[in-house]
Amino acid sequence: MEMREKIRIGVIGPHQCRREEYRLGFQVGENIARVGAILVCGGLGGMMEAAAEGAKHAGGITVGILPTDKMSDANPYIDIALPTALGPFRNMLVVQACHAVIAVRGGYGTLTEIAFALRLRVPVVGLATWRFIRDGMEDQSVHRAADPDEAVQLALELARERLGKSDRPPAY
Amino acid sequence: MEMREKIRIGVIGPHQCRREEYRLGFQVGENIARVGAILVCGGLGGMMEAAAEGAKHAGGITVGILPTDKMSDANPYIDIALPTALGPFRNMLVVQACHAVIAVRGGYGTLTEIAFALRLRVPVVGLATWRFIRDGMEDQSVHRAADPDEAVQLALELARERLGKSDRPPAY
Amino acid sequence: MEMREKIRIGVIGPHQCRREEYRLGFQVGENIARVGAILVCGGLGGMMEAAAEGAKHAGGITVGILPTDKMSDANPYIDIALPTALGPFRNMLVVQACHAVIAVRGGYGTLTEIAFALRLRVPVVGLATWRFIRDGMEDQSVHRAADPDEAVQLALELARERLGKSDRPPAY
Amino acid sequence: MEMREKIRIGVIGPHQCRREEYRLGFQVGENIARVGAILVCGGLGGMMEAAAEGAKHAGGITVGILPTDKMSDANPYIDIALPTALGPFRNMLVVQACHAVIAVRGGYGTLTEIAFALRLRVPVVGLATWRFIRDGMEDQSVHRAADPDEAVQLALELARERLGKSDRPPAY
C-alpha cells in the first residue's frame, strides 16, 4: 500500500511519563505500525516518544508535529518532523492530521487535544485518560479501551468507518 | 480607570442557547460591566451575544474575537470585533485575551476553551458546565459558581489574585 | 459615533526606529485619531509605539495585537492589548483586524504584513516602504503616500471604498 | 540515508499555472528528488502539483501542508498530506517545515511565503519570481537562479550551509 493511502492514527499523552506509562505508549505505537497505519504525534518526549519508538521498532512510519521552530527538537524516532512555532496551539494540528486518535493518560495538554478531536469529530479512543461529565451524565463520545491492543483495534475501526462516511472520494 | 487598566473577563458558552440560558449569560455580562471589567467573548450568537448584550446594557465595553474573516459577523453588542479566520482555533485567542474566564454551560467548543484555559493557567469559573474526572477523581481546577453574581465575583477575585502573582510589573 | 462603527486603520513598521522615523509614526497615529478612526498595531515598540503614542496624544483609541502571551508586553499607549503567543505569525491578525493599513518603512516583518494585506485584499498605503517587482514591472497595488497626512487620507478613502463595496450589510 | 536525515526543500508558487510554468515546477521537483531531498509544498494544484508530480516521477518523497481540513484535498502526488484549516495562514507552516525554499513565479500568496522565509531566515531561491526594493536598492536576500538545475543546486547548498551553522546538533 502506498504511503498516501495509509490510515493515520494519532497518539496523545503527557510529555513526561513513568516507566509503565512509557511501556503502554510503546505498545500502542507498535500496534499502530503492525496494522499498517502511520503514527502521528506531537514529536517530543514522554508518551510521544514512547509511541514513536514502538512504531519504529515495528518498522512503521512516524510523523511529529512540534510546538517549536526546530526540526531537531523532535525525538529520535520521528521520520517526518514538522516545526510549527505555535506552542500549545499546535495540538489542534496534531489532531487534525489524524483519522483517529488514542489518548493515553495525560494532563491539561492532552485534555485540549481530546476536546479538539471531539469538536472536529475526529474519533477518540481513551486508554486510562480523562472522562467528562455534562448535566450530571458522563459524555460517551470517547471510546474506552482496556489495553493497547484494543485501543489500536478500535481506532482502526473508527478511522475506517469515518473514511467510509466521508462525502468525498476516499483517496485515503 | 483607564481602559488599559481594566480587568478582562471572558464568557465562553454555546453559540445557540435557550431563553433561560440566554438570561443567565445576560446577567453574567451585566455583572461584568458593573464591576468595571471588560467583557471578552467569541463575538457570535448564543451565549456570546447574551453576555455582550448584558454588558452593553450596563454600560460596559465588549471585545469579540471572531472565527471568521468579517468584522460584520460580530453580534450587535460587540464594540471591538477582531476577525481571525482561524475557525474553531480562535478559541485559544479568546482565552488568552482574558484575566479569567467564566464558562456557562456549553458543548465541545466550550470544552476546548476550558481545556485551553487550564493549560494556559487562566483561571476558570464554571456555571452549570463540564466537569472532568482523572484517575477516578474529579479535577478541582474549575471553580464552581451557583449563579451569575457568584461567578463574576469569583472571576474577579481570581483575576486580581493572578495579576498580583504575576512576575511582571502589574500594568494590568 | 459608536466604537463599533469606527473605521480601523493599522500601522505596520519596524519594532525599532530612529528619531525621525518615530516622528513620522507619531504623526500617522495622530492623524488616525483626528479623523476618528481606531489605530490597530502590533502593540510593541518602535513604529508601533510611535503610532500609538500619536493616537493617544490626539485622544484616540488604540488596539495592540501582541506576538507574546503577556498583556503587559504592550507599550504604554495601547488601550486594548491582545496577547496571541503566535510570534511573527500574529502579523496576519494585525492586518486582518483593519479596514486599511499604512506601512511606514520596515524590514522583513513589515514585508510579511504588506504581503498578507495584498493577499487578503486589505488596502495598503506605503510611506517610504518596500516596493515590489514582478515580471520586470513594478506592482502597483500598494498606494504610495508622500507624508503622514496624505497616508491617513488615502487609507481612510480606501477603507470607506472597501466598506461600500462589501457584499454584506455595512455594519462598519 | 534515513528519512529523518534528509534535507527538505520547499517549492512555493501559484495554485494555477500555464503549461510552461508547470514544466518548470515539474523539473524543480524532479531535481529535488534526484538529489535525495524531500519535497515540501502547499499540497494543492498548479505549481504545487507540478513539483510533487516531478518528485514522485523521480522516486522522491512529498509532503503537502494543506490550507483546508481534508486530507483528500491534496493533489495525487502527495505522500504525507497535513490538513491545517488555517487558510492562507498555512503558508507560514510550509516555509517553516523546510531547510530552504524555491519560489517559482507566483502571486501574492507566494509573496507571503517569500516574506515569511526571509523573516524566519529560511534561505530562499528565486526562479522568475518577485523582486524587492527598499530605500531605492534591490534587496539581495533572495538567491536568483536561471533554471531548475541551478535552483535546486543552490537550495541544497544553502540548506547544508544553514544546517552547518545551526547551534544545535545537526540531526538533520
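Read from first to last, the chains carry the letters A, B, C and D; within each, the first residue is number 1.
By our rule, contacts are C-beta pairs under 8 Å (C-beta built on N, C-alpha and C of every residue); 3 or more make two chains touch, one makes a residue touch a chain.
It should be emphasised that the depicted structure is a prediction, and the values quoted were computed from it without experimental measurement.
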Over half of the interface residue numbers used by both chain A and chain B, so same, or under half, so different?
same
Quick check: more C-beta contact pairs at C-D or at B-D?
C-D
With chain centres taken as the means of their Cα atoms, state the distance from chain B to chain D in Å.
41
In whole angstrom, the CA-centroid distance of chain C from chain D equals 30
Scan chain A for residues touching two or more other chains and write them down.
85, 88-89, 120
Would you pull the chain D residues touching chain B in the complex into a rising list?
85-89
Which chain B residues qualify as touching chain C in the complex?
2-4, 38, 61, 63, 65, 69-72, 74, 76, 78-85, 93, 96-97, 120, 166, 168-172
List of chain D residues in touch with chain C within their complex:
88-89, 92, 108-109, 111-112, 114-116, 118-120, 129-135
